[in-house]
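You will see chain A twice below: alongside chain B first, and alongside chain C after that.
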Partner chain A sequence: MARFIVRRLVQMVLVMFAVSVLVFLIFNVIPNGDPAVRMAGRQPTETQIEAIRKEWGFDENIVVQYATTMKKVFTGDLQSYFTQLPVGEEIRKGLPRTLALAIGAAILWMLVAVAFGLYSAVKAGKFADRFLTIIALIGISMPVFWIGALMNYYLGFKLGWFPNGGYVEFTEDPFDWFYHLILPWTALAILFIGFYSRVLRSNVLDTINEDYVRTARAKGLSERQIMVRHVLRNSMIPIVTLWGLDFAAVLGGGAILTETVFDLQGVGQYAAESIGQLDVPPVLAVTLFAAFFIVAMNAVVDILYAYLDPRIRLQ
Partner chain B sequence: MSVPEAATGAPRPAGDEHLLSVHDLRVAFATEEGVVQAVDGVSFELAAGEVLAVVGESGSGKSVTAMTLMGLTRSPNASFEGTAHYKGTELIEASEDQLRRVRGAEIAMIFQDPMTSLNPVLKIGRQIIEQIQEHEALPDRQARERAIELLDKVGIPRARDRLDSYPHEFSGGMRQRVMIALALSCDPSILIADEPTTALDVTIQAQILQRIRELRDETGAAVILVTHDLGVVADIADRIAVMYSGRIVEQGTLDEIFYDPQHPYTWGLLGSITRVDQPRPERLPAIAGLPPSLADRPEGCHFRPRCPHEFAKCIEVPPLEGRVDSRRGHLDRCWLSPEQKRELREVRPGEIGLDPKAGATSR
Partner chain C sequence: MATEPVTDQTALQGPAAWESEAEREGVHGVGPWRLALRRLRRNKVALLFGFIFVLLVAVCLAAPLWANQVAKTGPNENHLTDTVVIDGEETDVVALNGVPIGPTWKGQFFLGADSNGRDVMVRLLYGGRNSLVIGLTAAFMTTVLSIVLGLLAGFLRGRTDTGIRFLLDVMWSFPVVILGVALGVALALGGLQLGPVTIAGDSLVIPIFVIGLVYIPYMARPVRGQVLSLREKEFVEAARAQGAGPLRIMFGEVLPNLMSTILVFFTLLIANAILLEAALSFLGAGVRPPNPSWGTMIDEGVERIATAPHLAIVPGAMLVLTVLALNVFGDGVRDALDPRAKVRIEH
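So, the complex of A and B:
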């Protein structure tokens, strides 16, 4: 276990280093990416630009620039080029919103997908199965920004059943918090529900033919016990892996579109806006934050996997 | 294809109640290649404490017969005819709820492959306790104690510790012992063992069979042993039913089948046993030809195309009946008269019967 953790920590450092270098380089070669020009305002003079360049250190060697930026990441002094706001502060403000969106959506898509997938498998080949298959394919095919916008427009704006975007702090009004998140959760979960229910359905159908399921039946267990204890448990193992990784991906930027469509002001939306302004420090910070989550969730998934399937050993 | 009353159960005293009596069981599966009649009119009886061996090659319908008794072959593609009476329950027509009370508690089953028959993600203790608690309202502690006892009984060392092991931490032989413990956990009156030793190596085979026999003696459970291995049968069976292509072709006591086999297929089977007490043959003896496809079987006697003694009458299905006057419980499905058989079989007293013409042998 100790070896496992050490290896994962080393992996995390390497991934974050690679990611930060990539982000830094990308923004350096992007056309019109010179931050000094963009910061100088509408019609800047050459001297103004030069002054900004000097002040912010953009005239330095790129390696030095990278080093100073990374140092700021660790000391927490990183500032946005354009708003001059501290990046750490902004992420801290957006994080609870992004977490609320990601956790809620992950729970929703898992529960619904297990129900759909299991039901589909039990009714394999029958009408209910085919119906759910079509629903799942539609769900997989709809991009989140489109379904999100439609929901927002019809259910939020036209019918007024739900708030038209926005976010309310949980501490302020838990009910209103929940109410505001229903549409974003649903929009984000739809794709995953479609995908997961298909995967689970085929896993269940494979597992049902295992010898140990026949053994379970020969023991005199009820169909429900056989399904839950023997079939579902074994069918869930690959799904849990997917779940952990997808959850991390949603946290680390997968929710950008959902957050933007519903104006949740989370980390994703912050990243989206910063990218639009070619604002390197926030983008760098959010990317590092995402990479951290993805590597960490990878480790969590591996631990969970070893717990779910005792044949697997961590090393 | 009914079995004449006089013929069945004759060796036992009159009025002997059968624990299980299967009558004209037929199982068919609808497949893409057409309807497969896996079991084609099987009838037999099982008395308490008896070991019945069902012998036949792959595809003869022996496993399907065994699993059908527990309702494990039920599926939308399967159709069933005939009856199987167990202690007042008709198993073929029984509802799932009725069957659930029988499964595990009254009739228990040991499967062929112990490597895949246990759930890999559950501790073996849990898998045993689960069955005990399904059929008896026993608190966890007591169920656990019972599971330890069972593991101990089937010869698993340090049973108390092993209860918390996972199946992958056991060898194949040990897993089969766990399966036996599982099967015995509710004191069933019938134990069905479907090729329990096929997946195991030879030394372990002997141990497992020994265990099954001892447990039969201790618990008095009847055993249906499904196997293709006559060597296994010789050790343990009281009676033998030889199956071929979905039908029982011969049925009798161990001695009757081994020392006075009536059906040419049985001769072939017995001739296929390699013997260490005889000169080594150049080629291993085998029955010529292949068993018929289950979807497209010959009319009349199913063994006809492979039988060296086929004659005109074989186009009709021979009934399973007692043809040897002195032994009314010894049944077979062959039109030849007992005298003809004795002659064709060229059997010497006390020796396994084999017709040189019946197999591609070169003894």
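So, the complex of A and C:
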């Protein structure tokens, strides 16, 4: 086990290094034109550009440039040349909001998807199954910012059932916090409910024909016990893996669209606003942190898996 | 192995494995593609949505026709000070408080105007062309690159495989939207220099390039997996015994057996590429205004949703219909080719 963990961690560090190189290449090398001009934002002055060129060392060789860029990102020295605000602090401020959105949505989509998927599988081929399949397909075909904006407008603004965007601190008023997050959670969860219920449905249909299910039925367990204890439990394994990875992806940037539509002021919205201004430093930092987070989460999931299933350690 | 009679059809990977026990009884001598087609033809819902997609493409292709003959305006022509007759009354296209008219259901401003007084229907059709072109070309680019990478990694194995897998792992570490946005922002200002070709920052090629790149790991990985199992099959051994080189085996023997996977992925990739175009344009890292696309139109519409909701609803509904049609049709194609396959793209 220890050997596996070490090997996996070494691999993680390697991927992180490659990720950082790729991010550096994307922002500083691949595009045309002077990187200092790009960093400086929309309307830079000549002195600003000159200062940035010196600060980032754009006239030095590429290895030094890479080192300078990484140093700036990880020491919290990075600042936006558009708003003049330090990037690290802005990200820290937004993180709890993004976390609240991602955790709530993940719980919601898992619960609903399990209910939909299981029901769909039990009623396979019947009307209810087809209906849920169509709903799921519509769900995965909708852009989250579009359905989010419509929900916000019709349910929030017009009917007044929900607050019209915005975020309330949990410590301020837990109920209001929850109330403000219902629509964002739902909008973000729709896509994943569509995916997960379909994956779960096909997993359940595969599991139902296993020998141990027949055995369970033969020894006289009730249908409910069979479904929950034998079928659902075994169908959930691949879903739980997906769940871990998708949660990381949502937290690492998938929530960018939802946050913007509902004005949650999280990390995603910070990134979105920077993108609108073509403000490079914040986009660079968010991209890098998101990818690092996902790489780390992947390693954690793999190690947990190896702990649960010893066969994986030997691969 | 070679002396064993081929009685177990599922032992043969690829087309032959699609024939289910029951269907083999009645239909002797029919090829797997024809069988798949027969199964697809029985799936009326999938066919209907496939037809809807073709119809949408045709309608968008006819954009200039509608613009010149019916609406008599271009996609970027402003009509801020013009008036139209609605219910016998002269009405400003854009009211004094900046609110544009809604759908008139007549030739001019059929679906209303936007805040610049531009005809929404005309923009919807021209925008659809851009969205569809981006979706189709990006999906094509992803497919070709994924096939090449997957074939090389799975067939040659060894160092090539390690290298390609590492590259895919690195790309896989980025959420799709974030990677797209990063590339989009980086390329939007200066454009891109690819050897002798320079691409301007506001060109449609940039979003195509970005979207075509980010989905590669999602397709190249499964392709590689399939190649790994295909390369151990008897027909590859037979080809090698006949003196075929690696390239010939890869593209002549292995590739045809990947076709069903490729076909299904291609359909679903178009849907996802159109969705990603919308997301990138919404964030300002995709198609650059005033060039219309469904994404930029939704972006403009969401900003004005409180006063002119039709600006967000119309392009969004069109987008959902297109993506839904592709998803349902792609599902049907997959079921017809291989009911057991599990394909998932989004991260």
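The rule is simple: the second predicted complex is superposed on the first by the 264 of 315 C-alpha atoms of A that agree within 3 Å, B and C clash if a C-alpha of one lies under 4 Å from a C-alpha of the other, contacts with A are read in each partner's own complex, and residues count from 1 in each chain.
We adopt the following convention: contacts are C-beta pairs under 8 Å (C-beta built on N, C-alpha and C of every residue); 3 or more make two chains touch, one makes a residue touch a chain.
Model, not experiment: these values are computed from the prediction.
After alignment on the shared chain A, the placement of chain B and chain C results in a side-by-side fit free of clashes. Using the contact criterion defined above for the overlaid structures, shared-chain residue A:W56 touches neither chain B nor chain C, since it reaches no partner. Of the two partner chains placed by the overlay, only chain B lies in contact with A:D211; chain C stays clear of it. Contacts of A:P310 after superposition on the shared chain: chain B is touched, whereas chain C is not.
Legend: residue contacts after superposition of the two complexes on their common chain; A:W177 is shown touching neither chain B nor chain C. Residue contacts after overlaying the shared chain place A:F82 against neither chain B nor chain C. Between chain B and chain C, more residues of chain A are touched by C.
Within the superposed three-chain model, A:V15 lies in touch with chain C and out of touch with chain B [touch as defined at top]. Once the two complexes are overlaid on the shared chain, A:L137 sits against chain C while remaining clear of chain B.
Centres of mass aside, this uses C-alpha centres: at chain A, the angle toward chain B and chain C in the superposed model is 80 degrees, to the nearest 10.
After superposing the two complexes on chain A, the closest approach between C-alpha atoms of chain B and chain C comes to 7 Å. Residues of chain A touching chain B in their complex: 210-212, 214-223, 225, 229-230, 233-234, 237, 308-311. Residues of chain A touching chain C in their complex: 14-15, 18-19, 22-23, 26-27, 30-34, 37-38, 137-138, 140-143, 145-146, 149-150, 152-153, 157, 191, 195, 199, 202, 245-246, 249-250, 252-254, 256-257, 260-261, 271-272, 275-276, 278, 280, 283-284, 286-287, 290-291, 294-295, 298.
Chain B makes touch with chain A in their complex at residues 70, 72, 96, 99-105, 108-109, 111, 113, 116-122, 130-131, 134-135, 166, 168, 179, 182. On chain C, the positions that touch chain A within their shared complex are 166, 169-171, 173-175, 177-179, 181-193, 198, 271, 275, 278-279, 282-285, 298, 302, 305-306, 309, 312-313, 316, 319-320, 323-324, 327-328, 331, 342, 344, 346-347.
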